[in-house]
Amino acid sequence: MSKQKIYNDPVYGFITIPTPLVAALIAHPFFQRLRNIKQLGLTHYVYPGALHTRFHHALGAMHLTMQAIETLRSKGVAINDDEAEALIIAVLLHDMGHGPFSHALENAIVQGVQHEWLSLRFMQHLNLLHNGKLQMAMDIFMDVYPKKFLHQLVSGQLDMDRLDYLNRDSFFTGVTEGVVSSDRIIKMLDVYNDTLVVEQKGIYSVEKFITARRLMYWQVYLHKTVLAAENLLLQILKRARFLAFKGHTLFATPAFTYFLTQPVTQAFFEQDEVLQQFALLDDTDVFASVKVWCNSTDKVLALLCSSLVNRNLYKTTLQTAPIESGIVQQWQTKAVTVLGIKPDDAAYFAFAGTVANNAYQLSDENIHIMYKDGTLLDIAQASDNLNISVLAQPVVKHFLCLHRNLF
Amino acid sequence: MSKQKIYNDPVYGFITIPTPLVAALIAHPFFQRLRNIKQLGLTHYVYPGALHTRFHHALGAMHLTMQAIETLRSKGVAINDDEAEALIIAVLLHDMGHGPFSHALENAIVQGVQHEWLSLRFMQHLNLLHNGKLQMAMDIFMDVYPKKFLHQLVSGQLDMDRLDYLNRDSFFTGVTEGVVSSDRIIKMLDVYNDTLVVEQKGIYSVEKFITARRLMYWQVYLHKTVLAAENLLLQILKRARFLAFKGHTLFATPAFTYFLTQPVTQAFFEQDEVLQQFALLDDTDVFASVKVWCNSTDKVLALLCSSLVNRNLYKTTLQTAPIESGIVQQWQTKAVTVLGIKPDDAAYFAFAGTVANNAYQLSDENIHIMYKDGTLLDIAQASDNLNISVLAQPVVKHFLCLHRNLF
Amino acid sequence: MSKQKIYNDPVYGFITIPTPLVAALIAHPFFQRLRNIKQLGLTHYVYPGALHTRFHHALGAMHLTMQAIETLRSKGVAINDDEAEALIIAVLLHDMGHGPFSHALENAIVQGVQHEWLSLRFMQHLNLLHNGKLQMAMDIFMDVYPKKFLHQLVSGQLDMDRLDYLNRDSFFTGVTEGVVSSDRIIKMLDVYNDTLVVEQKGIYSVEKFITARRLMYWQVYLHKTVLAAENLLLQILKRARFLAFKGHTLFATPAFTYFLTQPVTQAFFEQDEVLQQFALLDDTDVFASVKVWCNSTDKVLALLCSSLVNRNLYKTTLQTAPIESGIVQQWQTKAVTVLGIKPDDAAYFAFAGTVANNAYQLSDENIHIMYKDGTLLDIAQASDNLNISVLAQPVVKHFLCLHRNLF
Amino acid sequence: MSKQKIYNDPVYGFITIPTPLVAALIAHPFFQRLRNIKQLGLTHYVYPGALHTRFHHALGAMHLTMQAIETLRSKGVAINDDEAEALIIAVLLHDMGHGPFSHALENAIVQGVQHEWLSLRFMQHLNLLHNGKLQMAMDIFMDVYPKKFLHQLVSGQLDMDRLDYLNRDSFFTGVTEGVVSSDRIIKMLDVYNDTLVVEQKGIYSVEKFITARRLMYWQVYLHKTVLAAENLLLQILKRARFLAFKGHTLFATPAFTYFLTQPVTQAFFEQDEVLQQFALLDDTDVFASVKVWCNSTDKVLALLCSSLVNRNLYKTTLQTAPIESGIVQQWQTKAVTVLGIKPDDAAYFAFAGTVANNAYQLSDENIHIMYKDGTLLDIAQASDNLNISVLAQPVVKHFLCLHRNLF
């Protein structure tokens, strides 16, 4: 009788855990913590269904990887069982280094420490625990494994991570236009000269994938109200850290306190103790603390926090033209008066910034279309229309966030 | 240009907020707090997608109510605009009184206080705020409004709450068999002699609804691993409260501390202060605190908490026959030895209980089928087969929970 | 590079053709003809989406069979590659013997010849063509192959045919309540003592499957307007055959003429020529001819045909009580007067009949639930509630069809 | 009690018929005939699910129109009840003039007669029948009604016809990337200066719509195997007509014979008799006849027909570069030898052609985006990227069809 663990997934139906090692990795607290880290942070303030976690996403990406392995093998691509398991593990753990609300946290607290680097730190730890059995997975993850196409499935323009998150984010936000036919794209994958390629007849699906990604950027990831919420949390974390460094006592869970009150650099993370503390941190530490701070004696922190908790988000403008220099200054001046705060604190309530997106990058990790005669072309050249190369140009937008109490 | 607020919903597509009063109620912190209370508590430990909140469910039930109003009006049922808004509000706010993880919380902490009663307390508060504009909604909710069928849409065998939660829970768990054709059922609704009825041709959809509900009970709501997780949290809360009453200092958010350290009765809740504190409590307070308790000096609490956080749930047996009396005692004895705990504490690690489900109740709130000749029959009699009346008999199951460290 | 043929399927996503022999069978005209035979005959008169063909259904059932083989093999059930291909072929071809509008046709023309028998005749023909390579498939189909569980996947209470048609019919009619989680059921399948069984935890899915099947019967297959349309076509075919046998010349395609003008018995079908003619017949022959008959000089035929073509279907009553004997006679008398037809022809315009359905049969092909301790129970006993055994009792309903010109 | 007719639709759930006049139009034989005309002709040879009919599509477009009316009215756009019904009728009947397999038929038989013109002819007939009640619908259809935006909903870059067919064709083919969020687009519609516009925030949905349309062109509508099938039918019809005009007797239904044996011009269609005959013609006449022609004494016709019936379609090349002039000649020469046909008939078996697609046309019927300040911009200018204007350039592809017996 089968003892295979199966997860229900509203996106793909069922997800099967392929091997005992994979099951053990999923059961580890490092991985279980991802159950409490939402994939899209505060996006649920705009799309209430967007509560799916990095845990579920990692399982989904693993599932697609298993499908890709099956397709590639059926086309004669050599992937032995060890490589298959290593690839699956690399995909499963690729995002493990994410902390809660990483957009805000990475800017306010763990600045300069990439989540990929933390993922690798976690993997090293798990590798020790499992007597080196994760070495090949780490090699693939770091792109030092000889078969380069395996890394391209972990991280590339058309990797299993992207295929899953586009689908999953579309599904849970309800923005159905972002749905990608991952089935179809995966069935079109092949390997040529150790490079992951897409068969010629998959070209329209790839175009669609790139367009869907772009749509998700503007409709979801960079939605102006999502930006407003994330920037509000960012300002809260900055303020809390500022207060903590000044010696102000703030209620917070021990793990959160640990990171609020120390300088957090990559060197800092080299200590095992720090990694262990980081592994204790999730969305609930941050949000439970923010709720308490609504009653902080620090007026700035209290106002910012109650704005977040009660969804009184910044009024945000998102535009193609840069924000005129004087505008921000004017609003900050107004903030001082209206809110009765110090000039130094005005930037918490009125500020500008930029966001950028390019749906496709013309880099060495591009998407290759393989023609029946064996020719390889980059999708940007292969596409009937030039729009793909246009999509490769980054779109920069400028935003202005103003606290609603200023109106 | 429209200023109507629209929510994306992966279940129904779009949900439109009908009136400014409804929009104001949704914006209130009492309602916003539901964003952080999962509809299905710890069910996501079994079905990782089940992270949807009471916020989203309330919006969904409201949406179905608007559809029902439209259908009934199109059949000539008189519902004026005030009644429509009141009905919508009654449905929207009907579950507002839920706290975090209510199954566990209501058993361990706020025992004896029904969430419906708390919903009403919240409504009273909001009614004052809005100068009595919620009176009709409250009358419908309490079933003192003359048109009785309106209350039946709020609370009955076939109410909008159930229609939404079955659909939503099916959707997010991925248990597709639980999907109910709410569209079809709503289109079949009518009112006869001030009673909500279903047209004859809707009989099979109603049968399907009752079967789906039953399936969801056993497949999801009473899934043995879900029971294991909920009972684990229940034991944690009991232990924490036990320690708190003994004077043991426990880390917790202020709002959570408030409820851990005081007797929580209905009388207690009569105080406005208590309601305000309750409104501050959500899933994050509980989970963030439980995580900290993993390092408690109380061995029992620490073990229970780390079991929950690392998903080391009770090994659970669910069976039709009662658990033999000696069995629990044997396991408790073993627990004392194996875990090195006091006999008094053994019941945290080995215990038995019962769960019950009846998919349909033969009560005065039953489902009436209206025949073309005007006859009304209860669905249990109207159904071609007798299975519905069989479904009305409650199914009781007995469970045994044993901590995994005992094996 | 893969040369595997892949079909797009809105129900399952993609369907892959597993072997060259299977591909060759699909390409044969005997199988291609199924592209023009709708799975649900005239049901599209009620559910306009129900246009899916026996071709698509056969591919779908094949797809599920491949999934079942994968699941069973993963649980250690021995199925070698030859058996797998034979099973797939048996499922693929099991319905090949269906003619157009088989409900009507089998009653009016090829009475007494089962479609299973015709499927076998087709298989014999294809087996000769492929030098005996279909022998094992035929053995499985006829249940003479030693591993009995293989036949149970082709034909049984829970066979791949039923799983597919319930899903497919739900999908294309839009009656979403009929959706069966074929994925989940298949994942629960196992084999015990050469018998196909369902794991204990699959019990609710099986209950749901049986309920869904029952719902589809009353909501779709035996919908009174579907009955009206099928009975109208049945009367048309009876009349056409009556006229043809009387020597009346009727426009029809040659293949259709062949069957309208000869006695069609099983013995008749033993001739290869007859099978070849039958293979030329599909929905278009029947409908194109019926359209022409709207202008027949035979008043009865013309009226019946224009009623079908213009969707002027019988007014139909479906009830639990038998139709009172005098009623039909009264309406027939009225038909003679109102329509100006001969008394002998009145039965074309007013008649009664019965339909029956039992969602589950307590036969030797029942559904076995396997408990963890190895016990096998029939689902009717295993179910918590008795409703399954109730469902096993056939429901007979009586109908009365009256031509609308009588009102 | 409601007597509103409701259709089940797997795409939208339910479609309600709004008024008795609309119900009467749907019941008319002119409209009922659409039940037997597939929306996508022979596309089901590639996508077996693509069997949906023009009947279902027309109902779907009507449904979206009702949604659009509701949205526009909620934004204060004046549409009175007469206009609403007229608009609904115009959309419902806009495609009524299509015959079976129109791509092939319009090229081979009714050349030079537009289906829109035939739709209008049908409307005129129905208008007489309903005492002029369709006049406003016809005015909207012909764009002579004062409120121009109504016509834009019937026929324009973003009309209800396109929204429905993209969704419906995606749904039934299973090419899920073509799914358009019609809900979202419709919710973004508004009217400004009597012009249909899209609100600014709908820009990405419109981009997605245009990309989806382009994808559907290459993936479905102009799929090379679909081209192969349609061109094969086109050659069959040409040959049949050629033979018929030469006096060769061909089996065909009377309605089909009528059009095979006469010159079919617009003038010809001015006769009521012709329109009545045309209304009798559907897919079954054509396919049932083609099947009979497999045994024609004309070798060319017999070979072409059996190729279609048994899905032995042209081997087709689709390319950006034009087909070299000598190639076709070479293959035609080969055809004469290999197939033993006359040189004059070689073009039935080897020929070249072109297809074109532009996903968006920069015409006066373009899509306008309305900014919050009231500015209107064409989507091609409003889009962040230039790809839309690129999409407006038609893509021409060249194809070469060669009968498989030549290989």
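Lettered A, B, C and D in written order, each chain numbered from 1.
Keep this in mind: contacts are C-beta pairs under 8 Å (C-beta built on N, C-alpha and C of every residue); 3 or more make two chains touch, one makes a residue touch a chain.
Everything numeric here is computed off the predicted structure, so don't read it as measured data.
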Winner on C-beta contact pairs when B-D is weighed against A-B: A-B
Chain whose average C-alpha position is farthest from subunit A's own: C
Where subunit B and subunit D are represented by their mean Cα positions, the distance between them in whole Å: 50
Intercentroid distance (Cα basis), subunit D paired with subunit A, Å: 43
Approximate Å spacing (C-alpha centroids) for the pair subunit A, subunit B: 32
Junction residues of subunit B - those touching two or more other chains: 13, 175, 184
Touching residues on subunit C, where the partner in the complex is subunit B: 175-177, 179-181, 184, 204-205, 207-208, 211-212, 214-215, 218-219, 320, 384-388, 390-391, 393, 395
List of subunit B residues in touch with subunit D within their complex: 1-2, 4, 6, 13-14, 74-75, 183-184, 187, 190, 199
Residues of subunit A touching subunit B in the complex: 7-11, 13, 27, 29, 32, 35-36, 44-45, 47-49, 51-53, 55-56, 59, 171-175, 251, 253-255, 280, 282-285, 287-289, 291-292, 309-311
